[in-house]
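Please go over the structures that come below.
Look for chain A in each of the two complexes below; its partner is chain B in the first and chain C in the second.
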Partner chain A sequence: MEEQYQVMPGPEAFLPPSAASMGIVLPDPGQAHIEGRLVDEEEAYEYAARKLLAAKVPTLFPGPLVLWRWNDKAAKKAAAIRKLANALPARLIPMADYRPKYPKINPAVEINPNHPNLTIWYNKIDVCIFIGVHCHQANLALKIIRGGTDCYTMAMCAQAGHEDACLSFRDADPAKIEKLTAAVEKLKSEGVKSEAEDFDQFVTAREG
Partner chain B sequence: MNKKVDGQNSKILFSEKVDIGSKGPVNLTVADPNHMFFEAKRKACFLTGSEVIKEAIRRANLDMSVAYPITPQSEAAALIGELYAEGYLKEYFRGESEFAVMGQCAGAAFGGARVFTTTAGPGTLRAMENFPMWAGSRLPIQVCVTCRGINSPLSIQPDTLELYYMLETGALVWHAETAQDLYDWILGGFMVAEQPDVHLPLALACDGFFVTHTKDNVMIQEDELCLPEYDPYRAPVPCMDMEVPPVRMMRDPFIMKSNYISYMTHASWQQEVRAAIERSRKHTKVVMGGSLIDTENLDRDILLVSSGTAVSQGREAIRLLEEEGINVGLVKIKSLRPFPFEELKEATANAKTIFVPEFNVAGWLAREIKACLPDNERVIAGPQVAGGMTMPSEVIVMEIKKKLGMKVEPMSGRG
Partner chain C sequence: MSKEKIAICEDLADIMPPEYHDMVENATFGNQDRSWKDIGSSKELIEQHSLCAGCPESIAFRFIMSSIPNPEDSVFVGSTGCTSLVFPHVGIHNIHSLFGNQNAVASGLKRALAVRFPDRIKDVFVLAGDGATVDIGLDMTMQSWFRQEKFTTICFDNELYANTGGQESGLMQRGFVAKMAPKGKNFDKVRLPEIAFEAGCHYVAILTVSKPNRVEQAIRRATYVAREFGPTYIQLYTPCILEIGKQSMEGLDEMKDSESIGGRFVMRELMTDEVKAFLKEKEAEDKARRKKAKTVTA
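Right after this comes the complex of A and B.
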């Protein structure tokens, strides 16, 4: 019997396959996936929280859908993401833009879907979570990260989820982000410590 | 090979912003597509395929249609014009050529509109550059391809060769056998193509004339219902912005930057489009009655496997063969992209011989089938006709009897 493909951290290949082409199916409402295995969404919260707490450089990558106040929901999501980052703690590195940047991005302060590996390598990010990135661009970045880095990727997707991430939630709203924060806080209250290295959360001023 | 997706999640998902029961175009009511497709009462209507396209589009809550006339799709495009005059569409016009039409469709879809067009044969090929652009830009435009021959020599007659060209455009490709398929899949097609994890164009093919110009009984919803409107905010890419991908990547392609990661991003982009085709499987199954294929009598040694109206000819051939005591099973392939690899492997597991009747000279469906089946010497590419020829059921009967070592009279000698 053919062995089921697993969506694991790389470096996987010169050009890794898309997980969908390897038979990985996205979760249905109420489900999540862990490494390609469909699970009840509840199971994924604790799993994701443990991964984030065990990481040396846990990082949240907020995208354009939550970086600007398109509507009240976006603002609530942004606040929930900040709360999650504080609870862990985790770095916040924005994917503000999908345009390729030349000659290259500043990997200390941003991530770009066209060469996301630069940010992962530069900051030695071992666990990350995408939130508020348009699905097509997120899938591109997740697959490139899996191809060339050893980072464990997660996605908090507002739509149908991402099989190219090692773990993905779907239909993410502020409540689900807060639920992940609650899972982190619960583990911490049970004695699980954050392994995160010290860092300074950078702040972008109005002038950039 | 795909993992066979189970059909447990048998609901069509749609935007939470939709107000079910609200007023749609003219006198229509916006319906939950699950109710509209599977529960709403239907009445029989005796219609041509072109008229069926009109009736489906009437209920599709469409924003815009643009087309360039080409036989055999002209009538359908003209009938959609009548719908525009009646107020069912927001915009409708004739483009300058098929190439222009597909660009105009893209513009509307980039702006967040639900778009439908029709084309055929040489028109499909003239427009061809646009189809991968639609897919790469994640535009869920629906094009009804009413298949006809490709030049040269010129033919306006049915021939499915153009579908071979469509298979690797990155679009979903479905092949309707009947006018009922056409009606149901036009409506269901919008729901599948617009899913955020799919969000790809759909080329919904039917065989020109055989479907477009013949009348058939088609079951249509009694009540004045229409689909929920398209919600562009669920798209996997931002709405049209000249500075931001995907539009940006048309004038500022990755390849301009000549380095490994630029090329890899391009490759990953293409993989993502194909991944989206894979993701459409579970949504497509819901609107296609549970599977990407239909089957009959799979326990038989001989199977006919085909798509489009070649399936209909196969059904009659099976009836004729049964009169002579020869039992043959049938597999109807409904979706060509995604292709039902696993479903076909399972359906043909016991078959000793597999015939693939086709209306084209290339035998592309037989090639697809051979590429996914074990022991593919079982697959016989044919019978094939092309250029507008009909495929009498007797021709299929003859091929099967020849394979069985039975004596057959050549049809061409009948006078």
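Right after this comes the complex of A and C.
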């Protein structure tokens, strides 16, 4: 039997194959996937927490579904994301909308699905997690990142999960984000240290 | 979407680029008297555009976006062509349709919105080039007028197919030679404004985008009339400076020349007496409201 494809950090190719076309399937409820391997969701929390803690530049990419206050649930997710960022610590770089932003995007302070590699390269991000990005845009961005960078990608997806991330949760809600934070805190209490380089959480300023 | 939803989650507000704060705090959403005069001092709903520098289509976009009375409850329907390059950048709901299908898509959309939101005013605008409106999409354009669909069709008339390098269009002038139409056009510019009026449009305007107040007036009139009566049509001259060999700064002069006495874009409006009376009343009402608001603030 052929060996199962693994969804690993790239750079894989200018156009990496979609993980689905390589036989990777989405997790069922209660599951997650790690590099394409279906696992019990509980296993993924600890794995994701370790990855984030071991990273030099761990980064959370909150998308429009959690940056904009569509409803109370969005606000709760935003609060949970902030807690996760503080617990790690991790940088927060927003994906406020999906405009291509030609002729210029500022990769230091934002990311968009059309050029996510620029933000990853510029900030030397080695581990990231998408939260609150619409699926079709997340798929596009995840594939571009796998294609051109060596960043380990994760997705906290509110729907069925993402094959094109190296690790993906599904059915995300505030409680699941908090569970990831709890996993981080538990590892820290056991002596696992954050390897993150010093950074200042960027508060963005209008450029000329 | 309602403007109440255009708010940022507090816990992540400090990482949002300031342009978004600017939009939430200063955009003219919800202000029924918003106008082209807000351009520059408030969020314009358009950050950048990917058209040629100085392209009058970009000017038209800015004037249209600042003139529509109800941006938070408006949807643009676009079609392939230079205009469609702007759609990904605008802060207004928009749908891109297959080249030529824009008025069919807008018909379905407008009807669906009327069913889904019976108590809310939802404005639909088609924004498409002359090729999409008058040639390849003419069937869809006219059928929507025959059917009396209640939305506004705005044609960006640059008198050729710009996006594909300069082919002949129905709105091109007789005799004009374009890069990909070397023999020159053999017949006259289609008189679409007159055709639109005959086909059932209740308000029709043809003009350039050299004067923002005129564009604003036409857009507002077309919007109000579309809500109450039925289809409306606006044809804007937005010359393709690239195709006619002009510099970035010369689009304005080109438009001014074309609207001077005897020019083909002297501003014209066509409407029925009933619509004329309706607009007179509506505009008097608006004026009175603005005057009252001014005295209250003073």
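Here are a few things to note about the model shown:
In this text, the second predicted complex is superposed on the first by the 203 of 208 C-alpha atoms of A that agree within 3 Å, B and C clash if a C-alpha of one lies under 4 Å from a C-alpha of the other, contacts with A are read in each partner's own complex, and residues count from 1 in each chain.
By our rule, contacts are C-beta pairs under 8 Å (C-beta built on N, C-alpha and C of every residue); 3 or more make two chains touch, one makes a residue touch a chain.
It should be emphasised that the depicted structure is a prediction, and the values quoted were computed from it without experimental measurement.
By the touch criterion defined above, A:Phe202 reaches chain C but does not reach chain B. When the two complexes are overlaid on their common chain A, residue A:Pro64 makes contact with chain B while staying clear of chain C.
Contact with both chain B and chain C is seen for A:Pro100 once the two complexes are overlaid on the shared chain.
When the shared chain is aligned, chain B comes close enough to touch A:Ala160, but chain C does not. Of the two partner chains, chain C is the only one touched by A:Ala74; chain B is not.
On chain A, the patch touched by chain B and the patch touched by chain C overlap at residues 98-100, 102.
Listed in rising order, the residues of chain B touching chain A in the complex are 1-3, 5, 8-9, 13, 138, 195-197, 199, 234-238, 243-246, 248, 252, 254, 257, 261-262, 264-265, 267-269, 271-272, 274-276, 278-279, 282.
Only residues 62, 66-70, 74-75, 77-79, 81-82, 92-94, 96, 98-104, 106, 109-110, 201-206 of chain A touch chain C when the two sit together in their complex.
Within the complex formed with chain B, the chain A residues making contact are 15, 17-21, 23-26, 28-29, 64, 97-100, 102, 113-115, 117, 134-137, 139-140, 143-144, 147, 159-161, 163-164. For chain C in complex with chain A, the touching residues are 5-12, 14-20, 22, 47-48, 50, 88-89.
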